[in-house]
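For clarity, chains are labelled A, B, C and D in written order, and residue numbers in each chain start from 1.
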Amino acid sequence: MNLEELKQIAASTRDEQAKFDHEINICMGTGCLSQHSDTIKDALTKAVAASGKNAFVRRTGCMGLCAAGPLLLLTNKGSEHEIVYDHVGPEHAEKIAAALGGAPVAELQCDLREHFESQVHVVLENSGHIDPEKIEDYIARDGYEGLVTAVTEMTPSEVIEQIMKSGLRGRGGGGYPTGLKWSTVAKAVGDPKYVVCNGDEGDPGAFMDRSVLESDPQRVLEGMALAAYAVGASRGFIYVRAEYPLAVSRLTAAIRDARRKGLLGNNICNSDFSFDVEIRLGAGAFVCGEETALIASIEGRRGTPKPRPPYPAVSGIWGKPTLINNVETFANVPPILRKGGEWFSGIGIGKSKGTKVFAITGKIANTGLVEVPMGIPLRQIIEGIGGGVPDGHTFKAVQTGGPSGGCIPAHLLDLNVSYESLIEVGSMMGSGGMIVMDDTSCMVNVAKFFIEFCMTESCGKCIPCRAGTAQLYTLLTRICEGEGTMDDLDLLVDLSATIKETSLCGLGQTAPNPVLSTLRYFRNEYIEHIEHKHCSAGVCAMSKAVEVTA
Amino acid sequence: MSPAPAVDIKTLTIDGKEVSARAGQTILEVARENSIAIPTLCHLDGLSDVGACRLCMVEIAGTPKLFPACVATVEEGQVVTTSSDRLKKHRRTILELLFAERNHVCSVCVANGHCELQTLGQEQGLTHIRLPYRNPKLEIDGSHERFTLDQNRCILCTRCVRVCAEVEGAHIWDVMGRGIDSMVITDLHQPWGESACTRCGKCVQVCPTGALFDKSKVGSPHPKYPEFLPALQMMREQQ
Amino acid sequence: MISLAPPPLPSDDKRWKIVNGTMRRHGFARHALIETLHTAQSSFGYLDDVAIKFIAKSLRVPLSQAYGVVTFYHHFSLKPPGKHTLTICTGTACYIKGTDKLLADSEKHLGIAQGKTTPDGEISLMTARCVGACGRAPVVLVDGELVGQLTSEQVIAQLERWEVA
Amino acid sequence: MSKHTLATVWLDGCSGCHMSFLDMDERLVELAEHFDLIYSPLVDLKTYPEHVDFALVEGAISSTDDEAKIKKIRAHTGVLIAMGDCAITGNVPAMRNPYSAKEVTDRAYFENASAQQQLPTIYVPTLLKTVRPIQEFVKVDYYLPGCPPAADTFHAFLTGLIEGKPVDVSALTRFGA
């Protein structure tokens, strides 16, 4: 494979698609598939054939607006304009086919212009537009151009330079500069070296990585191959949660296709560069998102973290230099190589460059996946793109950064989202989950929920995390049952400090965050539970309510 | 005769005392060589370090982070503090967490007077536990002909696991489950007496509490002698 | 050097050959433990002592270590699952959308706690930490098939359909 | 100089702490110059006085009766001292905690009773679900761990109290000492 051959594949695929007057993309991500979007595709294919329209029906990955699924995206030849249909069923197939070329079917048309138009798609640029199981679709949208150009025309250090210039930072939560990580692994002495894609998306309420893997798996493989070329690795692992069967099957197909095209395997582009990827299945342990635990798991052991240093960049899998990046980080790499690091650093704010994919869920109108430029006001994400809190309820807080992040109250909604600004208000970027809570959510109960999560996901190796999260859970349960005391609040703070400062890994170090941030912004709710034995959100059942004497 | 290899010497300060160390040494090693006490529980000379108990956390000037002295290596010019109000508070809280986690009843324990947890509690000025006791219901395994495992007193330091795997080479011990439900086990969570145990007793000697004890010592003092480990290591290297 | 012969297959059940195949593909290396456990779990539905012992001995992993791995990861189960499995997602998005009630009502209806199987071996009630379909919260898996935006009544109706059958 | 009033209380414990207290022997005479023992299992007073300067409390909180007592004691005491491991950690009485109260009473009044197998219905207070240390119910001013704390520990501690210089008891005693 060389650049010319690649461009030929792209051109012929595009020509093939240009033969059609209409292109109908049907979302077959996990969300829409659960509503049988596969049957819609069959029905539509039949209806189109019967109608005699010159249209092409394609299976694609996620279009983002999962709550309104099944979704369908329609484009007409010669027009940039995209028409989105929501809540589509097989019964609509004939109507949709009949309307092709004319006015869209009004009752199906999704009128959420603001939702779609204020987003900037880099990572999701192909999601909803390509068939995730057709490598040609990816190539037709300039896929693998970055890799082929890099391998045939650039040195590894030139690749790293572009990543450095882009300002890309780890999207898994830490925000560590990606270029710096790559150059550390490149400089590390050891052979072989490994590249690992962390797809152990454990944050409940976050599904960015699943969506990318399901919608555009080749992009992740290309990102990994570019990383491998840059750091001198020959073997890669993608660690995916076993809970994501569709992502696993699409990745399996993608790896097979990339090998067939010579984009993975030995002597890629007839160069000395060889790289291949294996899938490793997670087995239900959140802590395996932590780098050293992930390595232990890939090595077939209990996923317990190890003290760092040594860092995986120096001593990772089987003691060899190992580069670990998350799915979204790798997904950002191909366009950076294609368009240049400077293009990427032109998006974003301060030290937070590029875009970020968020999964917005909870008490929000437009549940789903969005991609926005760094620096966007939180309010625009929640009220604009997300459509605000539905059913006449009022917004109370949004939890970012997953179980170990923090909640952000209403008065901070004008915050510009970046790694730094979120930490300042006591939360963090995390992997990109955003859980919206309204007046029916009890913040003490929310804190208890997150601590219960951290408690059951603690690996148990270090004491502060193992026993500390269990104690936090006991104290919070006591408060939620109306049996807490004001002294318990001091104990919560004291215990949180020890867990944060002395735990071995990131899980424990961040586990108390939900307690601390709810105590910071919603202390009144704690006091209400303790002194008045009352939960105004109506969530906590107070077993020891104050008896009212007549 | 070849010249002796140049030794990379680092100079650093621990608790205001200037000390020198070989590159690659841990802060704990250097502190102990200089008679500076740092509390430890999972660390044991002669076993690999896991950095699990977090009692040996120390401060290093220039960063708010704390470092486990058992695995953090010395650096030139480092300024280390091994005892501060902040560290003492954390150490006490960690010990409280341990005392409240399972059922540690010192007064009726075979290790009373010879228990590292009990001693540490006293050294760190622990007179009571602020946290609610969890009081879990746990097993006592008396199936072994010579020894007993009492889960009530286990603090999951994993010394038994490491000594069995690293020194004895049998690896009959490991940890099952995770989080607060973690438990040391023999083989497939079988009774100890039915496992492939070699009966060497090393695990009993390294156990810091009364979780592993010699049945013949019930009712009499039961000190443990883990000092055999470095000696054993030395003898092996000499041969 | 002492060499221990690999253990024979536990029985002539063809599924052991599949398990063995995974180990062979990885050259019987120790690091194949989790991959092999995945194969065994999906072949048999759970992992019993016979399976763990066979895999551990084949890969030369100490028994206690293998057992430690099996019990560390929540995906692995030591007990056979029921004929039907209802898995309720307890991720954050589902929690905010009231999944705790779905779980409590299901537990009450079946008279078993989460993670358990009814005494007649018919229905297992499991929980999952986010299946990544948060857009459809609250989400349950009905015999592995994802169903979203469910109410307690719908879940109980599903359980009743299984109970009648 | 007026004397301090002193109480000693026996909740769920073995009375070992009281025995050890008495083990101060002749030093008790010297202490009596500073303390008036006005309420104790050792003196004949049935109700807790309106105000006591210092109270040494032995034993854990096991029953509704213990709970009521410790709350009353706290309300009428200046300085409350938890005496011995039962009061501080639950100790031996708390070894029943992994079991339910019913399992415990069944064991005592049925399985191990050879005659008259029945639950007492009067004079015996209801057991709490778990036995807990006193600091879980009331504020404790000082802790004297030990099973029991040694006579020397008592003496050093009480001398410190008299002199208004509280002693750091962790140098003298510990859990299980």
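Here, contacts are C-beta pairs under 8 Å (C-beta built on N, C-alpha and C of every residue); 3 or more make two chains touch, one makes a residue touch a chain.
Predicted, not measured: the structure shown is a model, and the values here were computed from it.
Chain centres here are C-alpha means, and the one lying farthest from chain A is D.
Of the two chain pairs examined here, B-D and A-C, the one linked by more C-beta pairs in contact is A-C.
Averaging Cα coordinates per chain places chain B and chain D 34 Å apart. One finds 25 Å separating the Cα centroids of chain A and chain C. Centre-to-centre spacing of chain C and chain D amounts to 51 Å, using the average Cα coordinate of each chain.
Each chain gets a centre from the mean of its Cα atoms; for chain A and chain B, those two points are 39 Å apart.
The multi-chain contact residues of chain A, meaning those touching 2 or more other chains, are 285, 302, 457, 459. Residue positions 130, 132, 175, 177-178 of chain B each touch two or more of the other chains.
Screening every pair of chains for touch gives A-B, A-C, B-C, B-D.
Listing the residues of chain B that touch chain D in their complex gives 99, 103-109, 112-113, 118-119, 121-122, 125-130, 132-133, 135-138. Looking at the complex, you find that chain B touches chain A at residues 50-54, 57, 65-66, 68, 71-73, 86, 89-90, 93-94, 97-98, 100-101, 130-132, 134, 155-156, 175, 177-182. Those residues of chain C that touch chain A in the complex are listed here as 30-35, 37-38, 61, 65, 68-69, 72-76, 90-97, 128-137, 139, 145-149.
By the touch rule above, chain C contacts chain B in their complex via residues 49, 52-53, 62-68, 71-72.
On the side of chain A, the complex with chain C involves touching residues 30-31, 33-35, 65-67, 69, 201-207, 210-211, 241-244, 280-286, 297-304, 359, 361-363, 367-369, 399, 402-403, 433, 435-437, 441, 449-450, 453, 457, 459.
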